[in-house]
Each structure stands twice: as C-alpha cells, then as structure tokens.
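In the two complexes that follow, chain A is the common piece, with chain B as its partner first and chain C second.
For the complex of A and B:
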C-alpha cells in the first residue's frame, strides 16, 4: 500500500514537471516575451529596447536555466544596472535587498508574482482556489446524492418505466456540454427572455452566497456529472440486482426496500465511487467554462485570465495546482475503492 | 432410515399433518421475444413432513425451474401457466408478495449451487445470518447473534465467533456452503430446497456437506427437496425421488422402488449409462442413451422420450400426451410410460459389444522426479513477498502404449499443472520427462518439433471454450491437420477431416456447421477429433466428460476407449470422479497437494490396503446402487493451501490413521514411496501390519 502511494506521488511529480516545462516553453516563446516587455515597460518600445529589457530582466538566459530558476534549483540571476543598483530575480522580490537569498523558486516556496494582478501568485491561487472550492463543494452536494439516487432508482428495476425515463434524462444531461446548458439556463431562468428567477452572474456570490446567485453555476456543472455518474451507478446497480446473493436475500424474505438498501447499495456503489473521483478533472473543465460564463472569479476564471494575458508565473502555478488536484483525486479514488471493497482490503 | 425420520417427526406433532409441499399439475413457461418456452409441464409431487424428496434429471430438464417456482421467484419472464403449489395446504401461487415474504426464509429456505455467489461479498457473515431471524421473528441483534453462533456451531465450522466476523471471500468453498446452509436453517424452516448444493465442491467436501445436511434435517425435522443430477447423491440423502425428463416428471416413487424396480425406460437408460461397481469397459460396457435431449420448443408429439426409447411403439407412444400411471402394488410409485406393464423390467440388458482387453506395449512416457514450483507474489499492489507454490512434488511414473492411466485427486492437487508441463505449456522446475527416450521437460511448446507436438495432445474439460466460435467445425479440424503437417494437399486434408468425423461418430455434414449449432457432447467429440488429427500417441484428457450430462458421458468415454483401442494410444485420464476412473482406467495415480500418494493397477488401488487418502476419497464417492454398503469416512477440514503445506506428510492434517504411526513421524517427515506389491506403491508411514488390517470401504451386499 505504501509503495503504491509512493509510486502515485512520484508519477504526480513527474507529470507536474513535464507539464510545467511545456507551459514554460510556450509562455516564453520570443513573441510572448516581447509582449511582456511592452506591457511591463512601455508599449512604444523599439526592437532594440525590447531586446535590452529582456536582457536586463533575466529573460535572456537559456530556457533551461530560467526554468531551473523558477523551480528553485538554479540560482536567480543578478545584474548590476548602469546606475549601480543591484538587481536580480531574488533581489527584486526580497524585502531586504542586500541579503537576498540566492535561490528563489517553487522549492523555496516562492511562486512569483502575477504580471496581470500585480500580486504574489501564491496569494492569488489561494483565494481563487478557495472560491472554486466553495463552488465545487456545492456542486458535489448537489451532484453526488442526486446522481446516486437517480442511478439506484433506475437500476433497481431494470427496464421499468422509471428506469427508462431516468436513463433518458441521464443521457440527455451528459450529452449537453456546459457552455450550452449554462447559456440555456441564463437565457431562460435569468434574463428577460425567460423567467427571471436567478441571477445570470455569480460575481456577488464571492462575498455572499445566496440561492439566487449561486444555484445556476452549481447546477450547470453538476448536471453534466449527474448524467455520467447516474449512468455508471445504474449499470452497476442492474448488475448487482441480478447477482445470486440478491436472490438469496430475496428468498430470505428481505423486503425489496431492504434488498436495495442493505444488500445491493454498497456493492453497487463500488464502481461509481471511482467514477465520482475521476470526475473531478472533468469538473475542472466545467469550472473554467462556468466561472467565465457567470463571471465568478475562481480558479477557472483566473486560469483563463492568466492564459489570455501570458501571465507566465501565474499560469505555471495553475498547471501545478491542476496536476495536483487530478492526481490526488485519483489517489483518493483508489484508496476509497479498497475501503469499499472488502475483497481487496483484506486480501 | 425412512422410518427413523418419520418416527421422529411424529413426536413433534403439529396441528397440520398433511403434506408439507404439494405440487399439482404445475406448468411453468418462460416468455422470450421469440417464443414461449415451456420449461416445466404437468409436474406433480408431494413432500411429506420430515421426508427428503430427490429431484433428478439432466441439465435443462427443469429442476431449478420447479424449485424457483416453489419460491415464486421466476424472474421477469417466467410465469406459472397452470397448476398449483401448496405449502401446508396454502396455495403459494395466489399469495401477495407480503405473504410470500413471510414464508420465504422462515418456512421455506433455499440453497443453491454457487456458494460464493449466494453470499453478499460486502457484508459480514454474521450480519447475513442474523438478518433472517431479525426479519421473521423480530428478535434483537444480540439474540440473533447468539442464534447465529449456535447454528454455525451446528454446521460444524471451527471458531464460529471468528467466522461471524469474516467476509465471505475469506472462507473456503466448503465453508461458504456450510454458511449458506446455516443461513437457510436460521429460522428453522419446515421445507428446505437444495438445488445442486454440492456440485461446485470437491468429493470429500461434498460428502461432509451431505452428511451435515442429513443430520440437520433429522435434528430440525426439516423436509427437503433435494435437486441433483447425481443419482448416487440422491440415494444417500433422500427417501423418495422424482426423475425428470424434458420438463416432465417421468417416474416418482420411493428410492427403493425406483432404484430396484424402475418402471420407466428413461430411468432404466439413465442407470445403464452410469458406471456402477461391476461395470467394466471390456466385459460390461456402459450403454449410452442414443440421440440428444430435446430442447423445450422441439419436443416431439406424445412421449418426450420417444425418439430415444428402445421400447418405442409407433402409433401409441407418439399419439398424444401421456399421463402419469400408478404402478400397482407399490406405494406412491408412478410412471409416465404407456407400456410400463408390458415391458419385462427384469430382462438383463442386451449383451452390448464386449471387447478384448488391449495389450499394453512398451513405455512411451516416463517422468522422473518432476517438480513444478510457481512463484507467486502476494499483496495487492504488487510488492509484498513472493511465495512458492509447490504444484507438483517429485512426480515419477511411466505410461505404456495403449494404456489408460487415470490421475485422480481433488481440485488444486496439481493434476492440471502436471498436464500443462507435459504439454509444454509450462516448463518443469526440475526432473525429467522422457517421451520415447527424448527429454522434453525444458522445451516449451513453441520449441517442440511438430512431431512431438502432434504426438502429445489434449482434450479439455470445457468443450465450449476450446472451439473457435467463428470457424466451421471442419475448418478447425483442417487447421489442426495443417499445424501437424498432415496431408499433402487441401483435398487430402479435407478427406482426412471427414475420416476424423467418422472416427468420432459425427455425421459428415457437421464439417460445415458452426460450433454453436452443436450440443455439449458433440463439441467434445470435435475436441477429440482435433486431438487425434496428428495421430496423437499420448492424449491427456483433463476431465473430458465432467461438464457433460450423464447420458452423454457414457457415449463420449466409449468413444475415447474405442479410438484408443484402434490407435494404441496412451490415455492420461485426469478426473475427480472415481466411478468413471474405476470403469475405464488400467492404472490409477492418486494425487494430494502435489504429491503422488498412491499409484497402482486399478484393482489394487480400489481394494485395501489403501493409502489413507484414497480410502477417504473412495468413501466419499456417492454410488447409485442400493446394494452398495459404504464405510463412512468424513474428512475434517479443508485441503491445506498449496502455498502453505503442512510439514511432514501432506495428508497429516486430515488423516484418521495418523495415530497408528509411532513417534509423530507423520508430522515430521515426508513419507517415502513404499512398494506394496508389484507396481503398487503408497506414500505413507503406516507399517505393513496396520495396512493389512484395513477393511474395504465399499462392499456389495448379497454378493
């Protein structure tokens, strides 16, 4: 078990490493750096000025070296300006410029500064992730119970009318991407065109969550997952319901209700549990769309901002966090599977 | 025995004293998209209090359907289309689901074949047991647990408290089946339905479970409906039986009348097709029932058994439906045969073709100290430590041309590993295999010469898995011929293929058929044709007939014998069924936990002195003959795991003779192979004196 977790963590680190390197490479392509120079210094720079700015700010070094700096395994660059002030990657961000550390990267806990928000990246990520966390929490609260309920109800009597209608619903929801359902909800439930029950923006939810301003974004994300998880649950439930031990329970005189609740449920939930956890990465996908659509300034929204503004360090941090989230959920899913399934647990 | 149970039952007189179960003219159909499948037709039977009723018949004849009909659990597409099922006088077919719920588990309990599948994998054993009285008697958890402990003790499981806290997968198959039985007995039902309860178990475990069921039936005064395809088992457990054929009851009566004074041609044919003591492959061969079992929608007009019946009379037997007739002068004995009073039931069977015993030739296969160890790693996420499974330990024997050597033993004793090593599917860990004086133990199959490969062939247990479903039968045989380099042209190979079909007695048209159009027995014939395609010298038959029905088994074994006789083939017959081994083997090798514990000629092995394990094995085999008296030797416990074998003698954990060996030698040293007489060896520490005192396990009374 320990070996297994260790291996998982290693994969995680390796993936994060590769992904950030790719992001690093893309964000540091010459045209992107030029744009950076112009936004940071002055929009009307000559090519020569851009060149020298890039040189003076440490962007001129080989890519690998700078990636090392970011990681914190290579010493930050230093430079003495024409006017005699000492500048450098670490010097610039240190409070005490004289005694700045030699290394200042991820490993030292320094995530850098966002060029768009003018704030330390770590701070931005923390607040944004917090906001997204709240969103996800409500998504889970809505999605998991309803998906399981739908799946179990549909699967306990295969082929019944209830099953057929619930299955149709599940397929319809999975087939509809978030940008369609989101727009649909806004138009019909939150605008003059339809009934105006909800708010079409969730910006105010960042300070004060209400049913009115938060339900639609939560629903939009959850709906997609509901269909998927419900279908998995249904498949697993129908299989369990035909198992011999369910017949045994029935022939013991257990009532249908208890057959479902006591005998079928736990066995039927083993497979969907994994799926729920693996849904997380997909949900992140939805988060990006929904947060942008509803203007909820969470992690997904930040990611979009960082990408469209070539905010190098913020984007890198976002990648690290994303990889982390994906792999941690996978880990939880594997461990949870083992706990639900006694056959593996005690083997 | 009948009387004993009846007596005991009278003691606890209930207010109701009619039959426990009364099925009258029951018809059950399954409705599929294509058609209605009449699975059971006009079926009647009565089970009296304390009585054990056996239900026998080949697979698909509707036994399970009757059982599920009684439980009113026929699934979505099954329906009772006629007749009544009365439990203590109350008609089950007209009960509401709520009423049924009170009867299920409390009054009628059911046990079926797969014990593992019948237990909820995610619930502790204790909870599954406690549930029954908690539902039906409304008692609390503590009391229910106490009851569970009692019943688990009753089913003779060691350490009941620990077992209650276990999950099903932590128990062995035998233990699981005991738990299923315990579960059925939790609320002391009046009727217990057992549907092939031991088919998935090894013979020694089966014997112990059957013993248990009988004892508990007596103790609790439970009536039983015991479903089985094994006549021997029914003889051992039941008072009465009902023989089913193709959805109908064809004969019913007490065990004694049906076994000794049968009144239906099918029953007679069934008995003639199973190897009973006295049957001999040369002098008194088995008589297979000709033809095939009709599918429910292909039943003939008139008597269902008509097309296969040797007493068939056109115009009478195929005229119309045949009712059950009472057999006069016999208590509750009925038969569904028009001609039962005309047939001379005592006429000895027609002398079927007897044959000369084949001469055995020179040694073709020799194994010396063969060992096969597997390394397995434990722990779920890889890692963990590796353990060694000793699948075969120092196997030595010879097999001669034209000889049948049977290899018997329970599951996991290393029979199949041995076959794999011989075939070259695995390489030996050490030791030698000499095939015509050529070493082949280290040559995996892909490096063996075509000659070697074609001369050692295999027939598998499950004919369904070994044929390619998308290729015609003929094509598959031709493929085999190509691989073995037989024939020079396509035409030659095609001719050879047709000859092979003749050899296995399949019509030549079958060459163009797809495997799914064949019945189990026919598929097994194709498997045999393929094995003999390259002129095999040695054929390893791994349980070749155990997946087939009894009436087909005889035909397939017959075929194997005949081909062997023609080709002087050496047959290594792997089986757990001692009756069939006794019938066809020249020599027998008994294996236990990877060791050969006894080897010798069939006569030597089946007569004392035995190896203690052989003795137990013989005693465990149910024999469908009322004249046979058996000594009951019940082996305690399960076969130890091959991963963790006991020290000393492999059999010492279950051996009843162990105390006869002084100094605890059995627990310390692996016994050597001891010669008892020429060619008869056993691996046991017992002294010659003790061995000489051994009594025969099976005796035929009145001979």
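For the complex of A and C:
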C-alpha cells in the first residue's frame, strides 16, 4: 500500500514537472515576449529595441534556464545597467535591493507580479481561488447527493419506467454544455422573457451570497456533472443488483428497501467516488465558462483575463494551480478506490 | 408586409389543441414517474437478479422522491402560469408562503395518487399523449405546404424552408426501415425508439448542413439596416432581399438569426466528425500496440496520454489556440505528426491483410500512400501540388487541438479493450496459426472491439461539438463573423436581457444535435448488447 502511494506520488511529481514545463514553454514563446515588451515598455518600439528589452530583462536566456529561475532551482539573473544600477530577477522584486536572495521562484513562494492587475500573483490567486472555492462547495453540495440519488433510483431496477425516465434525464443533462444551459436559465428564469426569480449575474455574490444571485451559476455547473455521475452510479448499481449476494439477501426474506439500502448501496458507491474525483478537471472547465457567463470574478474568470491579456506570470500561476488540482484529485481517486474497495484493500 | 406570428392562421384552432396535448403529456410524464417510484415492494426473481413487477406503494424513500418530483412540477407549473397564485392572493408571485402551500399540495397530491389513482394510469396515458404530441408536430410541419405563403406563421415558414431536409429524412427512414433486417447493427437501430429519435435528430442537422444553401433565407453575414435585435417574424424593409421576413429575428448586428443557425450547422459538421475520426485513428494506432505488446512502449504511451489528460481542456485551448502560436508554426508540427497516423493506420491495415498477395497489397498501399500524402501535404503544410486541398491556419489549429484533446481518451479505451480481448482463445488460436502481431491486432481484435468503439464514436462527436462550441464561446480560433453556434451564443448572451433569441436559437440547435448523438449512442449500445 505504502509503495503504491509512493509510486503514485512520484508519477504525479514527474507529470507536474512535465506539464509546468510545457505551460512555461507555451506562455514564453517569442511572440508572447515581444507582446510583453511592447505592453511593458512602449507600444511603438522598433524590433531592435524589443530585442534589447528582452535581453535586458532576462528573457534572452535559454528556455531551460528561465524555467529553472521561475521554478526557483536556478539563481535569478543579474546584470548591471549602463548607468551602473544593479538589476536582476530577484533584485527587482526584493524590497532590500542590496541583499536580495539568489533564488526567487515558485519553490520560494515568489509567484511574480501580474502585469494586468498590478498586484502580486499569489495575492490575486488566493482571493480568486477563495471565491471559486465557495462556488465549488455549493456545486458539490447540490451535485453529489442529487446525482447519487438519481443513479441509485435508476439502477436499483434496471429497465423500469423510473430507470428510463431518469436515464433520459441524465442523457439530456450531459448533452447540455454549461454555456447552453446557462443561457437557457438566464433567459427563462432571470429575464423579462421568462420569469424573473433569479439574477442573471453573480457579480454581487462576491460580497454577499444570496439564493437569488448564486443559485443559477451553481445549478449550471452542477447540472452538467449530475448526468455523468448519475449514469456511472446507475451502471455500478445495476451491476451490484445482479450479484449473487443480493439474491441471497432477497431469498433470505430481506425487504427490497433494506436490500438496496444495506446491501447494495455501499458496494455500488465505490465506483462513483472515483468518478466524482475525476470530475474535477471537468468542473474546472465549467467554472471557467460559468464565471465568464455570470461575471463572477473567481479563478476561472482570472484565467481568462490572464490568457487574453498575455499576463504571463498570472497565467503560469493559474496553470500550476489547475494542474495541481487535477493531479491531486487523481491521486485521491486512485488511493481512495484502493482504500474503499475491500477486495483490493485486504488482498 | 405584416409581421409573422408563431403559428399564423393555423394557430387559431391548432394552438388550443396543442396546449391541451402538451398539458396531458406533462401530467402523464409526472404520473408515470411518481407511480413508478411508488411501486417498490413487490419484486420477482429471474436469472438476472431482482426484477420488479410493481405493487402498491409503501412510504419511504421512494415516496419522498415522488413528493419531491411532484412539488417541483407543481412549482414549475405555477411559475409558468402565475394566475392561480394571484387567485390565491399572492400578487407578487412566488414567495415563501406560496412555496409552503405548493409543498403541502405536492405531498397531498402524491399521497392521493398513491392511494386513489388506478395502477399504471400514467403508463397507459403516456403512449397516447406522446402520439398526440407527434401528431400535433406533424400538423405544424405539414400544414404549411397546403396553405398560402405567409399564412402558416413562423413555424410553418421554417418548415417550408426545411423541405429538402424533410424529403431526405423521409427517404432515409423509408429505405432503412424497409431493409433494416439486411443492414446489420445500423438496421437494428430502427428497433429502438430512443435510437431512432437520436438518429433522426442527427440526420436532421446533417441534411440541414448539406442543403444549407437552400434552407437559409438570407446571407448569414449581410446586415440589413433597421433589423437590429428585431423579434422573430419581423418583415424585412421592402425591396432589400428576396425573402420577406427574418424568421427568427435579427441579431445585434442586424443579421438573420435563422440563416446563421443553418449555416452554423455546416461550420460544426465540417470539423466535428472529421476531427473525431482523426482522434480515433491516432488512438487506435497507438492503443493497439500499447495494449497488445505492453512493456516499455505501453508505459511511455500511457504516461504521455495521462499527461495530456491531466491538462485542463480549457487551459490547453487558451495556450494552443492563439494567434501567437500560429506565428511560431507549432500547429503545423502538431498537424504533421497527428495527420500521419491515418496514413500509417491504413498502410499497416492493408499490409497485414494482403501480405500473402503482394500484388493486391502493393496496389492498396500505393493508392493509400499517394492519396494520403496528397491530402497530407494539403492539410498539414498547405502545400497541395494541385492546389485543391487547403485549410486556413485558424481552422487547422482548432482541428489539431480538438484531435489532440480527444486522442488520449480513445487511446485509453482501445488499450483497455485490447488488454481484455487479447486473453481470448481466438487470439491464441491466431498466434498458433502463425499470424503476425499486426494482423491479430487489426483483423482479429479490432473487429471484435467495434461495439464499444462505435458507441464511443457517437458520444465523442457530441463531445467534440461541445468543445468546438466552447472554443467559439471564448472566441478562440474562429473569425468574429463566423456563424458557428459557439460564437453566436457568445455574441447573443451579451444582450440577453434585451433580445434573448440570438443566443437561444443556436443554443437550442447545439443542444438538440448533441442530444441526438447521445441518444443515438444509447440506442446503439442497447442494440449491440442485445446479441
């Protein structure tokens, strides 16, 4: 078990390393740097000026060195300007320019500064992630119980009318991406064209969450996930219901309700646990779409702003967080599966 | 010109009937669900395990769920028709007290149904109301053809525009139903209602894309002054265009929403199926050897696949689908690698099959190589010697990134199936006969894996459509004028409180197409499991 976890963690670190390098490469392409130079210094620079700006600001080094600096395993660049001032990656960031640290990167907790928001990246990420965390919490509260309930109800008697109707419902929700259901909800539940019960924007929810301004974004994200998790739960429930021990329990005279609740449910919920965990990367997708649609300025919204404004440091930080979330949930799902499944745990 | 109403003169007597039919349908759906939730206690044993045969309801979890459903449907019904609320004295609509009444009503009604309603009333009512609904829809669709132009309202005029689509659908369904016993899995699809509905929806959009030039009423890019955000059915100012109305209204740039939706189908169907096929070629070509040989090859490929899968899709799109990336030429390199796989796949396929007949093999492999590299040069490098095949760079990057996102999942599925199938006896028999590994993979294992792969193919086209919509929604990789559904939704949502139709129409279109694909996949799965 310990070896298994250790191996999984090692693979995860290797994956994280590769992914961050790819992201770093894709955000630091020459055209991106050129654009950065023009937004930071002056929009009317000549090619030669751009070239020298890139050289002077440490972007001229080989990619692998810059990646090392960003990660915090290579010493930050330094050079002396023509007028004698000392400049450098770490020197520019430090308050005390004389005694700046040699290393300043991700590992030292230095995430850089956003060029759009003019704030330290770590600060932005922390507040935005907090807002998204609240959103995700309510999504989970709504999504997980309803998906499990639908899946169990549909799967306990395969082929029944209830199964048919609930399965069709699940298919319909998986066929409706967030940007479609969100538009439907806004039109029918939050505008003059339909009934105006909710608000079509969640901007006010950033300070004060109410049912009125927060339910629609939560519902929009949850709905897309409900169908998928419900179908997985249904599949695992139907499989369990055909097992021999369920038959034995029934023959023993246990009532159908007790069979479902006491014998079937626990075993049927192992697979959905994995699915729910693996659903996180998809939820991230939903978060980006919904935060843009409802103008809720959380993590997803920040990612879109960073990407469309060529804010390299912020985009890198967003990617690190996103990749981290995905990998950790994968790890939890793997370990959880082994832990929950007695057949594997005891063997 | 008069503005059109939704149903025109037909509406005067068909609309009330439609309302009654719709209400009956809604009631019977609720009844079916509520009643089937209640019947839990009596169940019967078969070889497959526990199968319920129905029985009177015992309170408990099912009763609670039934109550919940009833309350929800009452709530929605009351919201839709606010009159009863006013009658109860709630002038401002739904509030907490009104909601309380709804909850009490819902529980009482559920109890009443469980005690008094005849068994399976809902189940008996449902088929009748569905038939009636289909009949009403047919009346709306067919009546316009015997009515004068403009008399049948917006729905009628749209149905008239879709004439080639209706004809093509009728021919397809007629032929398939007639010969369904001879058509294998495809024919079996016509035994399942769900599958037929799905197939109908998908083919509707396929034919719409094909006949888009006949179906569309206006040019999707032309802006007509005075038509900005106009309601559905608004007449076009005199003499500006041949067609007299904007059937589904105008968008915020005064373009015809209906024509943009129709042309959007073409944009989506140009990319989604092709990208899915490419993803499958890549996934199969890599997944077969990974599963069959295992070892280091498997480890490396699985690691790479997991690497791509660990990327949040949206982030990958934001990193890959940018104008800067096109400048650096990365999409061309990616395309150069990814587009090679279909050629490799086909060459190995022919080579392993006709290895013992060199002449036949040489012909097949030769044709594949010549045609393959001609298309390859045109698509990936935009260097077609004949100058026929080319792909604009922004479409290429969209195409490549969609293939890139989908291929690892296909790889994992194929690998999993191969791991399962390679332990079968017929594979061992093939090995004993001295068949080569590639022959076994492509001609023994792959045909036996086709069931789940076909199902996944349908689902994946739907998923690709969603991805393309996401790209359009964020304005990535599409020209701002493009009528594709994703970017139309994005443009429409900005003014959603003023004019909801520009966003609603493409949203409905996208949803119906993906729903069709999912239902089709579900029907196929059911029918292929049946043998």
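By our rule, the second predicted complex is superposed on the first by the 346 of 347 C-alpha atoms of A that agree within 3 Å, B and C clash if a C-alpha of one lies under 4 Å from a C-alpha of the other, contacts with A are read in each partner's own complex, and residues count from 1 in each chain.
Operating definition for what follows: a residue touches a chain if its C-beta (ideal position, glycine included) is under 8 Å from a C-beta of that chain, and two chains touch if they have at least 3 such contacts.
Quick caveat: nothing in here was measured; it's all calculated off a predicted structure.
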item: A:3 touches, of chain B and chain C: first, second, both or neither?; value: first
item: First, second, both or neither for A:323, with chain B first and chain C second; value: second
item: First, second, both or neither for A:145, with chain B first and chain C second; value: neither
item: Partner chain in contact with A:133 - chain B first, chain C second, else both or neither; value: neither
item: First (chain B), second (chain C), both or neither touched by A:18; value: second
item: Contacts of A:243 with chain B and chain C, given as first, second, both or neither; value: both
item: Contacts of A:266 with chain B and chain C, given as first, second, both or neither; value: first
item: Which of chain B and chain C A:32 touches, first, second, both or neither; value: second
item: Chain B versus chain C as contact partner of A:254, first or second or both or neither; value: first
item: Comparing the two partners chain B and chain C, which touches a greater set of residues in chain A; value: C
item: Chain A residues contacted in one complex by chain B, in the other by chain C; value: 159, 243, 247, 250-251, 255
item: For the chain C and chain A complex, residues of the former touching the latter; value: 29, 32-33, 36-37, 40-41, 43, 45, 48-52, 58, 60-62, 65, 79-80, 82, 93-94, 123, 194, 303, 306-307, 310-315, 318-320, 322-325, 327-328, 462, 466, 469-470, 473-474, 486, 489-490, 492-493, 496-497, 500, 503-504, 507, 510-511, 514-515, 517-519, 522
item: Parts of chain B lying in touch with chain A, wherever the complex brings them together; value: 71, 73, 76, 101-106, 109-110, 112, 114, 117-123, 131-132, 135-136, 167, 169-170, 180, 183, 380-383
item: Residues of chain A defined as touching chain C within the complex; value: 11, 14-15, 18-19, 23, 26-27, 29-32, 35, 149, 153, 157, 159-162, 165, 167-168, 171-172, 174-177, 179-180, 183-184, 186-187, 191-193, 195, 197, 200, 241-243, 246-247, 250-251, 255-257, 259, 261, 281, 284-285, 288-289, 292-293, 303-304, 307-308, 315, 318-319, 322-323, 326-327, 330
item: Of all residues in chain A, those that touch chain B in their complex; value: 1, 3-4, 159, 243-245, 247-255, 262-263, 266-267, 270, 338, 340-344, 346-347
